[in-house]
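Consider the two complexes below, in which subunit A is the common component and subunit B and subunit C are the respective partners.
Presenting the complex of A and B:
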């Protein structure tokens, strides 16, 4: 019996399947599309098997190649990493089920290989305990994403893919520079090892690599003004890919920033600066979303806004703030992931991405519209959905020890929530009460696509109505990060 | 018995879901479920008649307990919510029968709104309160936009203003949470008692904005005329009669549950022995009364007229609550109940007219009295109650508010309240005249009175106007008992009114009504004896050389109060809404302009952003992290 509770499996399984798909594509033909489903089903099982271990020990560490860290590459899963990898596996799974019915364009085997690679890279980014591995995962993710964004091969997709390619590569370079500088300063690549050695660096010595890493990850993590590729890339990509990009990729990149800032760079002076980034991201994301006519573009801008929101909560640098950030991450991953999947099905039926063409869909695609409404409500933070609890937490946390600046930020956040409400309600009323002028035969999305949507929607509803476990879990995860338990735990468990 | 609070809260939500599922089977299943569950809720509400339960913990969030509680004041609003919802469900069966497609989730939303409002009045802490407040906002939004094309825009305005109001409350709630880490009402009161005046004022103002948006107190009322008039007929009474009362309830809780008149008086200056905050609220309410009355007078649309009238009447409720004296607060609360009854009645009666004629344009209607006599009688009772004429229910509560203002010697406010009441005569007369009196248009010759299912709720309310008018003690029983819990001196009352020697002086509605009836009969007799009139047919008439035929309309129905409108022209032009629209448009243009310049779609620009960020970072490094 293999020990399933091994974080390495989370990366190895999808990587193995990636190559399997690429190799067997020529003779399995359409059969390859089932392989990602198997891969992510296995990943979910592994993630679930990890839960008891992580709850018991606080962290699970796996090393490779028979060496001990810091010389070996290691994977370290703590509470937050586990939760995010579980969500990544879940989204990967439902999106790959969705792909069975959604992707009919050739070359299919290449799409599925890249798709599996994308989610593999993201999971890798989340659970890695080694900073160079973070870069590798980042590049793997980016390469897969470049290809997938341009998958449709029309003019818009290629342009978007190219923009993303350029900006993503620049981001990767900055990340690499930052990592190299850290390596030069400390002589090690293991996160825990670096964390122990950075304490005798000066502020400036830490700030330079931080600025580089922040810029690199900020490009992927959709922070303003580094996020300009996103509004083009997310709409151009196939919807299942947008779902992953919006749902996990930004979250994973922000997660990496949170992890590195709190573990390696132990400074307090930077948070005010980050908060300004967060607020700008929030404002520009939400306001731009309001003006969009293209539904996927609107959702993409909304992703920017949401990122701003949870990045703001993180930049509060308190346990409560971080807890709010994590809750909002979960909320955003599930809701936005679901929204993109729903919208993909609708676009397939309507044949257009223009919001006005969605008129009357509420009556024709009842299930899809229902889940779209739930996702939108949760993103807006309306009760009783999960977004309400996370927004409550973030605002409560922001007003803790509030100064004038924080109060102003809260006002901005809530104003932007009003803007968010404005565009989501506009979408909902077009869908439910608009009149369809064009005479198109629209029917409900296929059962397989609905399955994915319903699974995500159900998970969202469960944590909405029964939020206590998630809230408590996130509180512990946040406390661990703020209290630097990551380092102590890793030391105890042989992460070093 | 305590567990029943949770059950009562859950009943409408479960009912809503079952009604939705039942609708898939057959529409009668849907109706049956909706009626059963709204009736069940009403029955459950009666279990708590005059019962006080301090707190049932139903959960906890972020270290603050979530609590359900009830007391007679909550019960008063609970009664309004459950009773009106039940009647409206019955009315809906008659009214909304026709378009079956659209009814899919109508009862679900209706019951959800009911459940959310029950949650608000039963909440014992601010998180529960806020949660149900938000649920109420979005569920009622879906009800409003059932009305068709125009209602979508109205609903949009409603939901946006609601969200703004809710977030204003949210900031206050978060401020309170941060201070004490508990949002249970009792703890909030303690927190406020130990806070600075600035903090208290900010809290009350921020919470108040939320409540005033819902209660449609000027200048935050602009959503109401559209939403209430464009909503489907059975939804309007729910909005006007019940939903806006939630704002009044919230205001009551904040002013007297969290604060108290003494406490407010201690930390801020007083005017007319009223803390200045309350005094300002009184003025806002009084302005609402007067301005909304003027606007109501000038309406051509029956439901819009009633909607403006709602703004004016909720002004009385808030004015009463903000007086801070036992009499005034009791009057305000009583008026909340009375307004729910007669405004519900009026909206339903107008709904009945719309059901038969398909229009709510006053100038298109007329002469329906012979065709719809029952509806006419009910509506007549409704407008008498609204105008505050004894023996119907609007009289006593308005009287109490006047009396309270008089005792405080707040003459200006009193005059404004009088103006509102007098103006009400003008618009209610307009309503009944244009719909039921005058000439019957030819196309309505075959109009019948509405089906029994629609008559029943109308008449239940019509009878209630009489019952609560003659027996104000029925309501006082609850109100006085509840107000004692909030530290008010109890006022003496009897079943028929107020005994001699109380704060108010003797008031017995029966006696007043008797005098009024005698005067009326005397006038009638005099009229019969002295009149030299003879009965003629409506068309036995002569107009400028032309013989009047049924096709020709010869009585005034458009621009009824045109000359009055000229007098108040400057007030009508005020246009608070235009100011809002101006700012919204400006923000849109500004936003669009800058968004287009940031996200240009040009890769060079985008890359330069990266360079800018790196440059800033480099500058930060060179300056040793001291960028600010």
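Presenting the complex of A and C:
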């Protein structure tokens, strides 16, 4: 029996099912929609099997082709990669269950194949230990996403898909140029191997590749001012896809920036610069979200704001800051992933994305509205939800060695939380107390769709009320990143 | 005007940065730590006479699996965007019929294109070229058919079955490696054979043949989708 605790399975299983969908699409017809569910259920099992291994050894490494890195590609999962891949598998599973009841448009088999590929690519970005492999995963993810964003084929979807295609391709080119520069400078592609050879490079030799890679990943990670595609693409996509795009894609891109900045580009001069980017992203996202009438657009802008928040926490470059960033990543992935799924069900019933048409839904779709409220509260950071703990952690981390700038940043974060609260409460107020003028027959979403929402909501509630294990785990993960354990562990376990 | 100036300034900065960076690495100077290893050990370790193939399919075979998925995603994306809501209902518009020379010429040349493409991907581990190149050549043959006979329709179900089978071959060959004592994805478990013969390099030729079929069917699918935008009528939303 094959050992399940192998990170490569996290990529290979979904790829296997993707090709199986292509193979069986013509005779299984809409039966192919069950294949992604199986794929991500298996992925969850593999992620769970990885937990004891990662806790015991600190890292799990899988080589390919029977050769040792850096000559062959390897997958390396440490604590940070583990919890992100677990979240990716969970969201992938939940969203593919949701798809069973949500996608009725043709061509279904193409949709499910691309959807599986999208989540596979995101997991791939998270677990790879090779920088060119990271680029390949980035390409898989973005090209699958281009097609999915345009899936509805109306004017808005095509425009959004095209805009994303152009910006995503430019981002990919920048990332590739950065990788070429690193290869030119070090002659190797393995992340750990590069990290060992960059120490004798000059500042300039590190700054140029960093700028290129940061731009490339920043487009995918929706950092201001590179995020013009996101507010169009996320609303235009089918809701299950928006849930993945908002829930994991930005997170995965920021993960890649964190990983590369901390292992390869080990310089302190840039964190202040990153912090300014983060704050601008935060302000831009939250303020724009406040003025939206379209609910999915509002959530998309809120994603930008949240990305800014956890990117800010990362740019503090302290253990506590990173811990806050990771906690906020988890909080955002779960709550935003859930919100998009809830909202998708509501839009199906109401037939509109305008917030005003959601009036009175709180009484008609009780379960959906309840979970929407939970997700919104957690994003705002209301106690006792998990978002409260993560925001608290970020603020404490920022005030740890406070100077005037950091105090000002904390004030901005708090202000933006108020803005966030304002638009979410506005939405909830419309839903629970608004009066519906037109009398439309609105039913609760179907049980299958509710199942997905309830699963994510339950996970969110569990970690809200028992946050200690998650917080401790994140603390260890953050300490490993700051102490550069990734490099030492990889060297010890044969990742090089 | 202001925009253009700003753009040019940004472009100049990028170009300058690239020039400054790469000036430090003169062309031809040996910097390839990993590349040197491939050159010295590639043939012995993989049994492929074509060193590029040994890198692309063996040492970095997992990247190639990714590239195969990228192409799959691109083809599926095109199929989604060009999908006709009417399903299989595809009416044809009258296009001017291509002349006699084109029609007969393409018929004569089509089998040779198939043969040439197959040669390229079957010999991928021996000579330059491989699955991607061979597959594209075969797809270009299909493009020629579409141009000379605008009414040509390929069997799309057949194409996606080939596509899926080829992809599965790649993944399953890789997975076998996990059941062996070496415990490594894409481990080359077949005997290496004699260098420079067609049956050599273990699983590499099988993978390249699979990729050849996959690329050919994907490109043919893309051509079919795009041709349909021109000649199909009555579909769309």
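The rule is short, and it goes like this: the second predicted complex is superposed on the first by the 496 of 496 C-alpha atoms of A that agree within 3 Å, B and C clash if a C-alpha of one lies under 4 Å from a C-alpha of the other, contacts with A are read in each partner's own complex, and residues count from 1 in each chain.
Note that in this section a contact is a pair of C-beta atoms (placed from the backbone, for glycine too) under 8 Å apart; a residue touches a chain by one contact, two chains touch by 3 or more.
This structure is a prediction, so every number in the text was calculated from the model and none was measured.
Q: Which partner does A:137 reach: the first (subunit B), the second (subunit C), both, or neither?
A: A:137: touches subunit C, not subunit B.
Q: Looking at the overlay, does A:208 come into contact with subunit B only (first), subunit C only (second), both, or neither?
A: both
Q: Tell me which partner A:189 touches in the superposition: subunit B (first), subunit C (second), both or neither.
A: After superposing on A, A:189 lies in contact with subunit C but is clear of subunit B.
Q: Quick check on the superposed pair: does A:269 touch subunit B, subunit C, both, or neither? Answer first, second, both or neither.
A: first
Q: Classify the contacts of A:150 with the two partner chains as first (subunit B alone), second (subunit C alone), both, or neither.
A: second
Q: A:226 in the overlay: touching subunit B, subunit C, both, or neither? Say first, second, both or neither.
A: The first partner, subunit B, only.
Q: For A:414, select first, second, both or neither according to whether it touches subunit B, subunit C, the two together, or no partner.
A: first
Q: For A:291, is the partner it touches subunit B (first), subunit C (second), both, or none of the two (neither)?
A: In the superposed model, A:291 contacts subunit B only, not subunit C.
Q: Once the two structures are fitted together, what part of subunit A is touched by subunit B and by subunit C alike?
A: 204, 208, 211.
Q: Mind listing the subunit A positions that touch subunit C in their complex?
A: It comes out as residues 2-3, 6, 8-9, 12, 15-16, 18-26, 62-67, 70-73, 106-107, 109-111, 113-114, 117, 120-121, 124, 132-133, 136-137, 139-140, 143-144, 146-148, 150-151, 153-154, 158, 161, 177, 181, 184-189, 204-205, 208-209, 211.
Q: Mind listing the subunit C positions that touch subunit A in their complex?
A: Residue positions touching the partner: 17-18, 20-22, 24-25, 31-35, 37-38, 45, 58-63, 65-67, 69-70, 72-74, 76-81, 83, 85, 87, 157, 160-161, 163-168, 171-172, 174-175, 177-179, 182-188, 237.
Q: Going by the contact rule set out above, which residues of subunit A touch subunit B in the complex?
A: Counting only subunit A, the residues touching subunit B are 162-163, 166-167, 170-171, 174, 203-204, 207-208, 211-212, 214-215, 218-219, 225-226, 228-229, 231-232, 269-270, 272-273, 284, 287-288, 290-291, 363, 377, 382-384, 388-389, 392-393, 395-396, 398-400, 402, 410-411, 414-415, 417-418, 421-422, 425-426, 429, 432-433, 435, 467-468, 471.
Q: Could you please specify the touching residues of subunit B with respect to subunit A in the complex?
A: Residues of subunit B touching subunit A: 59, 61-62, 101, 127, 130-132, 134-135, 137-138, 141, 145, 148-149, 152, 155-156, 159-160, 163-164, 167, 170-171, 174-175, 177-178, 591-592, 594-595, 598-599, 601, 603, 605-607, 609-610, 612-614, 617-618, 620-621, 624-625, 627-628.
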